[in-house]
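Labels run A, B and C following the written order; every chain starts at residue 1.
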Amino acid sequence: MKLIFEKSIPGRGQDIFPACDVPEKLPKKDMLRKAKVNLPEISENEMGRHYTALAKRAHGVNDGFYPLGSCTMKHNPRINEKMANLPGFAKLHPLQPAHTVQGANELITELEEFLCEITGMDGVTFSPAAGAHGEFTGLLLIKAYHHDRGEAERNEILVPDAAHGTNPASATMAGYKSVTIKSNENGTVDLDDLKAHLGPKTAGLMLTNPNTVGLFDPNIMEITKLVHEAGGLCYYDGANLNAVIGIVRPADIGFDVIHMNLHKTFSTPHGGGGPGSGPCAYKDFLAPFAPGLTCKDGKEYKRAEKSIGNMTGFYGNFLVNVKAYTYLLTIGKDVATLAQNAVLNANYMQEKLKDIYPIAFDTTCMHEFVIGMDPIYRKTHVSALDVAKALLDYGIHPPTIYFPLIVHEALMIEPTETETKETLDEAIQAFREIYDKIFNAPDSVQQAPQTTPVLRLDDTKAAREPHLRYTFD
Amino acid sequence: MIDPKELKYSRDDEWVRYDGDAVYVGITDYAQSELGDLVFVNLPEVDDEVIAGEALGDVESVKAVADVISPISGVVLEVNEELLDDASLINSDPYGSWFVKVGNVSEEVELLTADEYDAYRG
Amino acid sequence: MGTFIPNTKEEQIKMLKEIGYKDFDDLFKVIPDAAKVKGELKLPEGLSEIEVDRKVQGLANKNVVFRSIFRGAGAYNHYVPSAVDAIANKEEFLTAYTPYQAEISQGILQSIFEYQTMIAEITGMDIANASLYDGASAAAEACWMCKDRKHSTIYVSGAIDERILEVIKTYSFGRENKVELIPAKDGVTDKDALKKALEADDEAACFLMQYPNFFGVVEDAEELCKITQGAGAKFIMYCQPLALGLLKNPGEIGADIAVGEGQPLGLGLEFGGPYLGFLSTKEENMRSIPGRLIGETVDTRGERGFVLTIQAREQHIRREKASSNVCSNEAWCALRAGIYLSTIGPKGFEDVAKLCSSKAHYMAEELDKIGMKLCFEGEFWNEFATTCPDADKLLKALEDKGILGGLKFSCCGCEDAKEDCILWCCTELNTKEDIDEVIAVAKEVF
């Protein structure tokens, strides 16, 4: 398909701007641009068709099943969008006087209360714009806390080997050395390895729970206790909160700080890769370090006493927060039903596939489970990637592949609670048919997909000969 | 052409070739085939110190990155800038694609002969 | 109560039984009892859609939507063409995620590739990334890109928006590098101070300036660039993207990195977010770019296609050695920017910049006539600072008429420190009548 630049014809365009109603006055000439800027010259109709064609080449939750592990691709309710687009929110200038944004600040205050109740924490900062940004924020709170107590020598963050890549990367960004903790044979934290790495240098532990193989760590309270005894703090990576919302509160099991991905658990759309929102909730003793300005009394914006600063220019992704608030108003106190059905759907699929696909850790999973394709790959040379690509021809978005790293040839499946039994059954059927093909017609799996707008793309060429923009003649 | 039989090997899949007082270091055929199509290398700078058993740089494939563990301690005399432009050379000629030339060699990890390495990875 | 769970309670029980569980308690017995919530969470009863709609509308109605806005300072009231909302709200775009599976994500990938091209074009740079969270965080990431083993100090102009500076400082608290402020003098960066500072510091990594700066002044970027690069540091320009319709772009100036807040490109005011951080640079810096990059390639039949590329820089592969932990970009906001720039085209890009400039100059002249003098002599584009005998009084009078006046700020550069200062902003949405109305209100007040 053509790029929009290839559809551009000089002289075409759209009339948006009026004639100037005041005398033209520009900065002095030697400050003005001489360079040509190539932007598309295209009519509204042609442009509309271009983007419609692009939309048809995209797959969203609305197009079909999207069991992308760790990403919680649940349904995005329309009411959320409608509320966020209300002029009373969408047309507010961030620097309007506080008394003119009472409703906006009331909404944020109430959302904070909801999220505190859900996590058991005491306060929330909405400054972070995404999950990884929330992790970074949480670690900076931990750092500020230790520095404030004169314990700047605590410079290690413990991260289990099953963690999302963002965890160690966030630790590095926060100036910490990340220390990897091994998983045991059950796929959860190895307590002995944890104990061996705890000490006077421990600033904290980052834990994803349920972890990335979809397991709830049975020793979780022991783990947080050990970290606290060593003088460290416990960070809860809330990426997988959908599994336990309403059932377990991170603060109750010993965590001090958590980020949440509102675009996962709280149903705000992913937008092709953002904007998300990654509010960070914390216990009271971390409140003095919270970032950003908040207006809780409706009168003035205040900054925490020893604030770490700010993560975004204003107050984070406010409109995304409006969507999450709308969602929570809808669900209300029945939030546990989200976790129940997310976990049920995952176990249903796991149970119906485990006779043929090797399950990485064959036990009751939480909201997601991991297939380890390694034994099948060794026999057939059909890889996790091949299975993923074969699913495309069934109109299913593939699971997350090659993650977590501790499982070879991983396929990580997270159905979410908003899928029907029929959808799950169809997906199970697709997985089973692919399994048959792996043994009977492996080529057809290795050459999949065949029905998509493009076939398998050459990633190596893309990386070896980077071509990151269109080049104009 | 370089005869792989003449080289020494580390258990981290690097090869070492002696050239007077200096040594050349690269990664083995086994390592490049495990990593798949390589797209980029990160190399140290001339005059950097490298330490036996620690990373001296890394190699990137499309979806993975692996440290290149230095089999020796010493000072970098030269880096192979050709690899910075075209990492695929490592795939096509792993034993001709040296990463660094190191001098002032003070220490080395336990190195294997070609036969020993073949047995180790075979 | 509302729910988006499709399976009925009966179906749920049936599914549970089918896979060997009595009920949900049985399913959740893998979680230790001690870890579980006792009793019910203190959350309100769930609501139906109509009730939710009513309640949230009620909150929206408590806010004041100004009919006329003369405030900028980092968030700009530009026109959003109808096509932007209509197209961006297609649910295929809205409900997709990061395009990990290229074969069914060509729409998202191509839209970002086009966005990368447009950002590179308007900034005059070689390449751009797929976007970052917002302008301020993009600025912090840009500073970090310039760090190498020998250069780590970040220099920032004192004429920059303090909100950007704050985010840079926050990131630097984490990454543990020094941030030094070069003071502003008469509304612009003090060049001599910059020169002195950079010359005395072997470890200077970069200097970041805002263009136009916080006070609206268009600084002599070429000179600042020369000083910075002459001292071996990298030059970063934080730009208002629509100003580049008129002003020399970072490429012409010779900057190493251009970043900025993409909000003016088809995003609303949105009470501060979600916005769009853009970042573009010279080709030689490709591998130190944070965040997603989309590249062109071919499929097995040789057809052109697009993929996420040079991923080994990123956190999911490089983990603790990644240069940044960024994984989400602001793809949907970038999509809006792409549609916006396609809508206005090269001519609109220039026209809108001229409209903003002309209106701001008209307003400045009118304010001058009633004694509200420009604080600074430098050239400006669409924002400018003036004195005001009593800013609170004027802004209140404007507010009573549904007008959001400029931003009161403390400025130390004015001749008469007894006066307040206001930072005004005009866009293509401010008509001559709107401007005249502000002048009329000011005349009434003073």
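Structural remarks
To be clear about the criterion, a contact is a pair of C-beta atoms (placed from the backbone, for glycine too) under 8 Å apart; a residue touches a chain by one contact, two chains touch by 3 or more.
What you see is a predicted model, and the numbers here were worked out from it, not measured in a lab.
Ranked by how far their CA centres sit from the centre of subunit A, the chains are topped by B.
Nearest to the global CA centroid, when each chain is reduced to the mean of its CA atoms, is chain A.
Computed from the mean C-alpha positions, the centre of subunit A lies at a distance of 20 Å from the centre of subunit C. Spacing of subunit A relative to subunit B, judged by their CA centroids, is 37 angstrom. With each centre defined as the average position of its C-alpha atoms, the distance from subunit B to subunit C rounds to 44 Å.
Those residues of subunit A in touch with two or more other chains are numbered 459, 462-463. Counting partners per residue, subunit B has 39-40, 60, 62-63 as the residues that reach two or more other chains. Across the assembly, subunit C contributes 310-312, 317-318, 321 as residues in contact with two or more other chains.
Remark: subunit B residues 39-40, 58, 60-65 touch subunit C in the complex.
Touching subunit B in their complex are the following residues of subunit C: 287, 310-312, 317-318, 321. Across the complex, subunit A is touched by residues 37, 39-40, 60, 62-63, 86-88 of subunit B. Across the complex, subunit A meets subunit B through its residues 402, 459-460, 462-464.
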